[in-house]
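Before we start, here is the structure in question, set down as structure tokens.
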Amino acid sequence: MAILEIRNVSKFFGGLAANSDVSFEVNEGMIMGLIGPNGAGKTTLFNCITGYYPPSKGEVVFDGKRMNGLQPDKVCKLGMARTWQKVRPLAKMTLLDNVMVGALCRTNSLKVAREMAMEQIGVVRLEHKAGFLAGGLPIGERKKLEVARVLATRPKLLLLDEVMGGLNPAESEDIIKLILDIKAQGKITQMVIEHDMKAIMRISDRIVVLNSGEKLAEGEPQEIVNNPEVVAAYLGTE
Amino acid sequence: MTFSVLLQSLVSGVLVGGVYALIGIGLTIIFGVMRVINFGHGDIMMVGMYMTYFLFTLAGVDPFVSILATMPLMFLFGAILQKIFINRILGSLPQNQILLTIGLGLIMSNSAMLAFTSDYKILTTSYSSSSFNLAGISISQPLLISFLITCFITAALYWFLMMTDTGQAIRATAQDREAAQLMGINVKWMSILSFGIGAAMAGTAGALISPTYYIFPQVGSAFTLKAFVITVLGGMGSIVGATIGGVIIGVVESVAAVAISSDWKDVVVFTIFLLVLLIKPSGLMGKSHM
Amino acid sequence: MLRKIVLAAAITVLSLPGASYAAKVKIGFINTITGAEAPIGENLTNGVTMAIEDLRKKGIEVDLVKEDDTGKPEKSLAAFEKLATRDNVAGVVGPYTSACSSAVASQADKYKVPLLVPAAAKEEITRKGYKYVFRLNAPADVYSSVLMDAILTLDKPKTIAYIYESTDFGSSTVKTAKEYAKKLGIKEVADEKYQKGAPDFRSTLTKIKSKNPDIVFMVSYVVDAITLMRQSKEIGLSPKAYLGGGAGFTTAQFLAQKEISNLVMASTQWTDDVNWPGAPDFAKRYTAKFKKEPTYHAACAYEAMMIMAETASKNAGDRDKTRNGLKAGKWNGIMGEVSFADYDGFTNQNKHQMLVQQVQNGRYETVFPKKFATKPPVYPFKWK
Amino acid sequence: MKSFNNRLASIRGAGTVKIVGVIAVAAILFAFPRFVESPYALHMMILFFLSTLMGSSWNIIGGYTGQYSVGHAAYFGTGAYTTMILLTFKDIPPWYGVWAGVAAAVVVALVIGTICFRLRGPYFVLASIAVAEIIRVTALNLTDLTKGAEGILLTDIPPFMIGDTILTDFSSKVPYYYISLVLALLMILVTWLVQNSKLGYYFQAIREDQDAAHSLGINLTIWKNAALVISAVFTSLAGSFYAIFVKFIDPTTVLPLDLSVQIVLISIIGGIGTIFGPVVGALVLVPLSEMLRSNIIAQGLINSGLVSAESATGIFLKEHLAHAHVLIYGILVVIVILFMPEGVLGFFRTIVARKRKGAA
């Protein structure tokens, strides 16, 4: 069953189309990979889905509800959470506080929020850093912080924007395990933007390829790897 | 309100607006490059006014001629301020930047008070109150001269920023500091240059307004506020915008004073300011960084 | 910890030994030394400095405690509390601004410290029935009435236009002017308030010009007066008389602007050529000492300090006796005859005779009332 | 996990010490007027409490939520004017008028919030200045309501009565002392409550990164306005208190840009986003500006005999130090910003932390 439907979404900035006529569905429980060369419109699409930009055309339907025009906070409350390509930790707050902010989306009690937050910090295995200021954490831990923070909002759908960007192989491996763990628990659907082809092929159930704002291809990892158009698009840029 | 009253207020609004524009341009360059709101801008202008005053009373230099000296001196003054103080806090918390410029403004105005007392100084030239008549509209000579000088300076500055390498480097810094740094532009040096230029513009505005206005240590604060309005109106960082903004404010003040009443004109100005902020936050001249 | 240190420091500072000079009389002086009102405050400081010297010549040593209120009422209150309770002054001269004087006045009665307000114009200050509050200068209403009276001796004007700064002084002076003009049957054709320090009045003045008033009544506390007159000339506004309410139109700087100041009439508390005892001499010595001419603020502050110190010294610094001394006394100095009377709702208000001066041939001449006049007034107004 | 629990425990321990400390200081402050009768000392304490109240109110919106309003005079003035107008023209005693002032300030805050919170960074700062200036000019021009530039001067405050018992007739400084003390303590308590509730977390999240906060389910409009309303309520109380205390208000004393800047200074100099930052700010600024204003330093030097009153230095100090106090103030501001960017409190905290590190 589709938890997220993207129906003919287009986004124009001035005269330029960052996304044009993109459509696909994300089924519950799966991991959907979103790839494409730089400037293909992946992050713009995330922004359209999560309410940062209203789509210029088309619809985003999440869990049966039309999301167009909803603000990001509302989107989050409805169960869709995202991380940021460039990490955005709340620098002068501790890691625990950061994750608690996420948890407070679901509760008004600090005590409950603290427990929820510690649980998610446990999931990303950063218990020993809970009291540290987020701004001082190394990049790998800040990425994990973001994952813990969005997990604490109890999402049904998680949109991860290059969570492995800038990480070393060991750290990337950690994140991959984390993503697969989340999938294994079966409660959260994930959509992942990633540049690391190997990683994305490994974790994704399906992949959508964007190029110049348009959907170039969609299919299972193997199909994508063998799609000559995709190969051409990538070879053209990389 | 008769047509001639309206015309008169339009004309004097445009002329006064020219000087406002110069203050705004100074502020906009500083903001564009450094993203620092300079609360001491009016006080820098005040320094320029005293400079003009003393050049006139002690050396007999005509205020309009004295710009030749005031401008480089004020440039140096601004550059030093930037080098010693502002450069240290670039990239620090925005509230600290605001506060630092407030502090520097206090130091400037109160040093002036210690040095020159808080007396009002009046600079009287032979043409301070002369005007000529054009089709029933009186035009103030000193204002007209300063308007023409403003136009010339604005054009020259525009040329400098558009056509010279240094100018382009400044613009690049204004657009994206980090990128500029990566491209090998000496960002700190560009900041010093632009604060210098900003101060020179403010100082020049001070010199231009001296023959028709008066000078005292606290004169700056009113102009700081005006400069803010002008800069936002035109779009922070846009020189053309600041020029247009200055003239608009001059005209709005002038016309509102006759069309509504002089006590409400500031409300009109600030309301327009807020409306522009809300409808087009990037200012009238959009996002063009200079 | 830090807090304790500061507290301790504060207590030490507060308990610093207040020097005791047996022969001296201790007087407080609250003035605006810094801040936006400082330019005029400086004249008061100078006046008081002169007074202290003259008192010394008379054998009265004044231990002057100067306080800056920065033009803010709460600071003025602090200064007054300090003077009243810590410095134990016999009396206080000041504060300069109306806002500060209004705030301080009620405290004077509370601590029973005589307060002599030298130059604040707000009527209410001496209308609240305070026993310990005295005022030397004439309040705001007289600024306008004396000018109108002067004009009435010359002509019967029909229309009047007001342009004035949006401060307490500006609006209360014009308010009384309007009441007075109404009584006299003069029609108001324009009422324009402006923000102090505005650089451009041209459009407002053009509007006034189109109404063609007989009289233009202006109130400006600072050198806006010069800007106003320059631009009036520029646009060719020429009524039968320019009347200036006080301050800005009575300064040496205004006078120096020969092209525009000629024939403007202004009300003032004091002029340097008035035949009040010692006035011309005061002006001469003041000019020699401070390299600029005295304003009426300086004269008011001088006389206020003279009166306060003499009275306090006579009563050996006793506050109640000093208060009674002020109430009962009569003086005749550079401000003319001074006595503090109760009339028309005022308490302890010196019924000061304001003067009208006019710029004639580059000099301020006193032109009204006749018995103090040095020259007859020139009417109607003409641009030079 | 264990180390984290330890850390938590030590935080809680420090909290207890702090609470005890605050209660002890509060007790001393409550007893203070019994031992110190000098009205001047009480006056200074009242100004200190008032500054604390103003700084801490700003701290909620500026320090915690990161919205640097430089227009807080608007709320101060709204409170002051509402209370004064009701008292002088309608004979409504201030202890009712104050609440009308609070209500008015809330309305003003919501209007300002709706306009200004769509803007960010420097644009927000400038918009907040513009709105406050509009309010100031309006107060200046609505002469029928506010008496314009003339200001409102108050002679008497009706005695504060419950039933027929007169609690106080406001004739001495003591009632003002206690009112301002209670207001300041209340504000500190509110700050503590904010910091230790969902509010605090959301405010700080907005301060740190608005977009990230937005994506975590925080409705920016609602929470920013909530912060502004809390801030405005207490700034308005400060304004009402000022009006009743000084008994005179006009647009230039309760609505100017100067005042807005002053309010910001208290908080930033002390250290923003902390409960006690503004208290430290007030503790530094109030005595400092008073010492400089009254030239107590020069007087002290002369009285102590270190400098003779007739010597050149003595004359210089007496004549010029008084003129220089705003200058010194400006220099201090610059020094604090350049060398203590986290404010005075933050500066001392860093020093203490460093020492501890050195010791360990």
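Going in written order, the chains are labelled A, B, C and D, and every chain counts its residues from 1.
Note that contacts are C-beta pairs under 8 Å (C-beta built on N, C-alpha and C of every residue); 3 or more make two chains touch, one makes a residue touch a chain.
All of these numbers come straight from a predicted model, not from anything done at the bench.
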Joint neighbours of subunit C and subunit B, given as chain labels: D
Chain separated most widely from subunit D, comparing mean CA positions: A
Most central chain, Cα average position: D
Distance from subunit D to subunit B - Cα centre to Cα centre, in angstrom: 33
Centroid spacing, where centroids are CA-atom means, of subunit A and subunit D in whole angstrom: 43
Interchain centroid distance [CA atoms averaged], subunit A/subunit C, Å: 72
Sites on subunit B at which at least two other chains make contact: 110, 113, 263, 266
Touching two or more other chains - residue numbers and ranges from subunit D: 137, 140-141, 323, 326
All touching chain pairs, where touch follows the definition stated at the start: A-D, B-C, B-D, C-D
Subunit C residues touching subunit D - in the complex, by the definition given at the top: 2-3, 6, 9-10, 13-14, 16-19, 33-35, 66-70, 72-75, 77-79, 81-82, 84-86, 99, 102-103, 106, 110-111, 122, 124, 128, 166-168, 170-172, 175, 193, 195
Contact set on subunit D toward subunit C in their complex: 25, 38-41, 43-44, 47, 137, 140-141, 143, 148-151, 153, 155, 171, 242, 245-248, 250, 252-253, 280, 283, 287, 290-291, 293-296, 299-300, 303-304, 318, 322-323, 325-326, 348
Touching residues on subunit B, where the partner in the complex is subunit D: 31, 35, 37, 85, 88-89, 92-96, 98-100, 102-107, 109-111, 113-114, 221, 225, 228-229, 232, 236, 263-264, 266-267, 270-271, 273-274, 277-278, 281
Residues on subunit D engaged by subunit B in the complex (per definition of touch): 62, 68, 70, 115, 118-119, 121-123, 125-127, 129-131, 133-134, 137-138, 140-141, 257, 261, 264-265, 268, 272, 320, 323-324, 326-327, 329-334, 337-338, 341
Touch list for subunit C against partner subunit B, complex: 34-36, 38-39, 41-42, 163, 166, 192-195, 197, 199-204, 206-207, 210, 222-223, 226-227, 229-231, 233-236, 253, 256-257, 259-260, 292
